[in-house]
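Dumping the structure here so I can ask a few things about it.
Naming follows writing order (A, B, C, D, E and F), and every chain is counted from residue 1.
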């Protein structure tokens, strides 16, 4: 199951967990509580995509103004504005509705941009905002399918950021997007020895193998650093694990 | 209770757990969180059905485009397209409503196909999409009964895939389909020693015996591999078990 | 409290737990998760009623076609069709509404049948389907009272099967039928040493004594076998007990 | 706080727990899961009231036909019908609405009866049926206040039976009747050493002292027998206690 | 933070916990399950206010008839009726709506009374009844603000009694009154060694210090007696604590 | 990640946890149960802002009258009224709607004030009141974005106070404001050795590092004192931690 082409995320430890990276052209969901580093991973994925792998990127944001993203990226040493000026990145500040419509229309500015700069990687920040499109889980699921099929059609390796609020990673997922994507990555707070640590786990990779360990990580200047697996703990994904042995 | 004819699933470890396979003509529910391997089991059931047992299959999918299914199957070494060209498999991409109606009509394309290629096995991916047909649990249950009675009438051994989101395997089952099927198989994430492992359990087999152990499994190239039962753990099905003794 | 006439269920271990059986003419609720053996107990109650005690039976089913019931019963060695032909059993496939109405009308086919073959035992599979009659707990309760009073009036010892989904046996009981019946019997999955076992407990027997142990049971060819009480476990009815001492 | 007149319940162990009995003229709530013995306590309260203390009683039932009550009482050795014929007990089978209205009207048959036979004790089986009067907690509370004020006005020591379904004795109490009564007594199932035992606790006695122990009890012929307090357990009222020390 | 004027509650142990009493003119919330002693504390606060500190009091009750309050108080040795006749206490039996309106109108009977007898202390039994004024949390919060601002404007040290039903003291607080008051005091049941004990904790005192221990208390003739802090327990406020070390 | 300009909160221990303070111009959320000290931190942030750092402040309050804020601040030794008279602080008592509108209008009194006195710090007490603007989570989120973008545009380092009611800091956050802010700080009650202690944790700091310890704190005259991290406890943020090792 290891011969599919890979798109490294650019987060070294995460790529190791993913057995080399995301399957090229696949769709990954990155779920996490506020502050666990979702947007950082998204920016790192796009920045390293350009720098290390020469792949153009698309960053779709529904809430954050581009200038705050540029500023936050700069704090990590990533000059996104420069990449944009060089035509290797496009940051789009839009609404879920407009983005979905654009994705369906071959002549929309977004689709033009995708083709003009040859987008290979996309980050959607965040798919939780799609919940504004419908209060019906079934309809919401349909919108997620439109989104994912649109990205798949273009062959764009995509990272869908998702806001999340509890130990059960499906419960707050109203449109059950986790069932439709190819990969699910969780970022979590875990209280260990009275310290708020962060944990990363890869749950699902369609058509591929991956590291099943739950690993500690930190957000540093320059992006995520993924460390050793946790040891002697049970219930890590509950957020309040217990020591064992 | 062991003399009913058996339809092996083609997943060796699971067939052992099922005391040889599913009862021929019966309906099984395969429930699992995203990424636990439901669709893989479904494809393996149909592919090995053709290859090992010479039984034609029907794969009904409500969301995934056939070409992504073909691709995912190929990653396991299963060439579904070829089987389809040989008239030994039919992949149908439709809606729950159309599928239910077709099942009732003897002259519908789906029923024609079922009879033309002599379908013996079917996979429905997934029954959770039937929730779009009604918001009323009672109505939804009626639709499930239509589906199951239709499949039973044709004598097709069927695997109903079901999305699931928690430790209580009935709670999120709005139409209570688990009560209507003949067999219930659960695929679960379990956090063991800070590692995300997968567990399989057979809960219910109407008119038959089965292995009551909760077993570890992995998704490998070529399908599911079912391993030894877990040991020294309590609360496995909660997802966050505790070590014992 | 032991002088009321008894109607043995025909499940030997359960009759021991019930101090001889159900009180004749009383109404028992048998609650359980899917696959725990509710319908098996129901069929055993009726089959052994005829065979061992010469009492005619009525099996009311709202979803399962009679022929699948016959087939499942046969797998246990119980030829229900034969009993029906001999006029000692009546299997009725109807709706909750029709059944309730029939029960009130002295000249309805169901009431005629009850009197013609002298029904002494009835199984209703399942009372959960009565939830289709009303979304109001209060109204639903009224329907349950109609049902139970109708059965009581005829002096029929009855087993009401009930679908159930959690550790709290009242929570999912929307019409609170457990408060109206004379006896409550629970069938549960319990995860013990990584094995899915089954547990039976008798909770309530109006006007009678009973075994308070929670016992292990299995569904075998020929019906339920009830074994020794569990030992060294706490929280059995939660489904994920802990070992003690 | 011990000089108020007492009305013994007639359940010896419970009277000890209540420091002699209920305060005369006060209103007690007896809450319990199905089968824990609420109705038995109610009948015992009325029967022993007549026999031991010469006090006439009123039994108001909203669902159970009087003849089933008579039968269940007889199983305990209590001939309620005889008491009724002697004019020392009145069993009323009515609706919550009619009962409330009657209580307000001095010339209603119920009020006449209360005065004719000089009712000193009443049992309402059950106050949960009042939930049919309103879906609004605030309105329901008002109905409970009407009921309780009506009983207080007549100086009748009353036992309100209440259906209950969980460890939190207030959560399912939609009209919060527990806050309005003078005494709260809980009957619970507790799983101890894999045995379903029963526990009784007195939570609240306005203007009086009481035993704070949680005690084991059984329902025997002749009524409740209250035993020693539980020992070495924590979380008894959760239903699944843990052993300590 | 200790120089604000104090109004002792008259419950000695509680005053010690409150570092001398409530801040004069402040608003305290006293939350508790049924039977934990809320009304007793309220009456004690007013009675001792008159007797020990010569401060006139106002008791506003929305459900209990004054004569039952007098009777319950007398059981503690507190003759409230006498205080009322002496013009040192006013007991008002009214509705939340009327009370709120009166509080806003300088010439209302309630405001006249407040000024005529120079009310310095008030008890509102209970603020939970304000929930009848609106189903909207936001509107309910506005009503609470009207109440609290009205009492503050008059400089009346006030105790708001609140019905409560669980371990999370905010969850059932629909209008979130706990955020608006100056002090929060909790009365709880805790099951310790199979005994239902009571615990008192002071959570919040705006502009003041307080005892952070969770203490055992009992309701005795003469009012609350507050004892030593609990020891070797964790999870006391959950109601089912565990023993430690 | 440490070169962004800092705005110290003025709470020494908290500034250490925040690696020097809040990022200048960023928006922080301070979430806590009633009485944990949210408003105290807000006042301390503004008072010390003026006194130690010469930065003018804005305190927006939706419920508390300014005079009670002045009084509570004075109890800590902070004379807010004086600061206001000196033109270094502005206390605004308004509604969420008016505040949002004013923030958008360059000529509104609030915006004039912000510019006249050169506001550098703002406290909004509390953002929970924005819930009155809409019952729709999506709309509420939009209002939060308006608020936050307005404050960001002005370059004001802001502290948004938020009422909170449970262990899961996102669950009761209807508009999911925690995902939009730059920093999240939690104040919590934790029951330790039968004592109600307080804990502070910094969860999220966009573009910056911070102390991950969960620390004990107390509210003293003069503001918050932050102490050592907790030790040997697991599950602190659940409120009912367990001792370890």
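Throughout what follows, a contact is a pair of C-beta atoms (placed from the backbone, for glycine too) under 8 Å apart; a residue touches a chain by one contact, two chains touch by 3 or more.
Keep in mind that this is a model prediction, so the values were computed, not measured.
Chemist: Show me the overlap between the contact partners of chain A and those of chain E.
Modeler: F
Chemist: Could you work out which chain's C-alpha centre is the most distant one from the centre of chain C?
Modeler: The chain lying farthest from chain C is F.
Chemist: Quick check for the class: compute each chain's Cα centroid; which one is farthest from the centroid of chain B?
Modeler: E
Chemist: Between copies chain A and chain B, are the contact residues mostly the same numbers or mostly different, with half as the line?
Modeler: Mostly different residues.
Chemist: How many angstrom between the C-alpha centroids of chain F and chain B?
Modeler: Whole-Å distance between the two chain centres: 51.
Chemist: Quick check: how many Å separate the C-alpha centres of chain B and chain E?
Modeler: 59
Chemist: Using the touch rule from the top of the page, what residues of chain D touch 2 or more other chains?
Modeler: 242
Chemist: Would you mind writing out the residues of chain E in touch with chain F in their complex?
Modeler: Residues of chain E touching chain F: 1-4, 137-138, 145, 149, 152, 168, 170-171, 173, 176, 178-181, 184, 201-209, 212-214, 229-238, 242, 244-245.
Chemist: Of all residues in chain F, which touch chain E in the complex?
Modeler: Answer in residue numbers: 33-36, 63, 65, 68, 71-72, 75-76, 126, 128, 131-132, 163, 165-166, 189, 191, 193-197, 220-221, 239-243.
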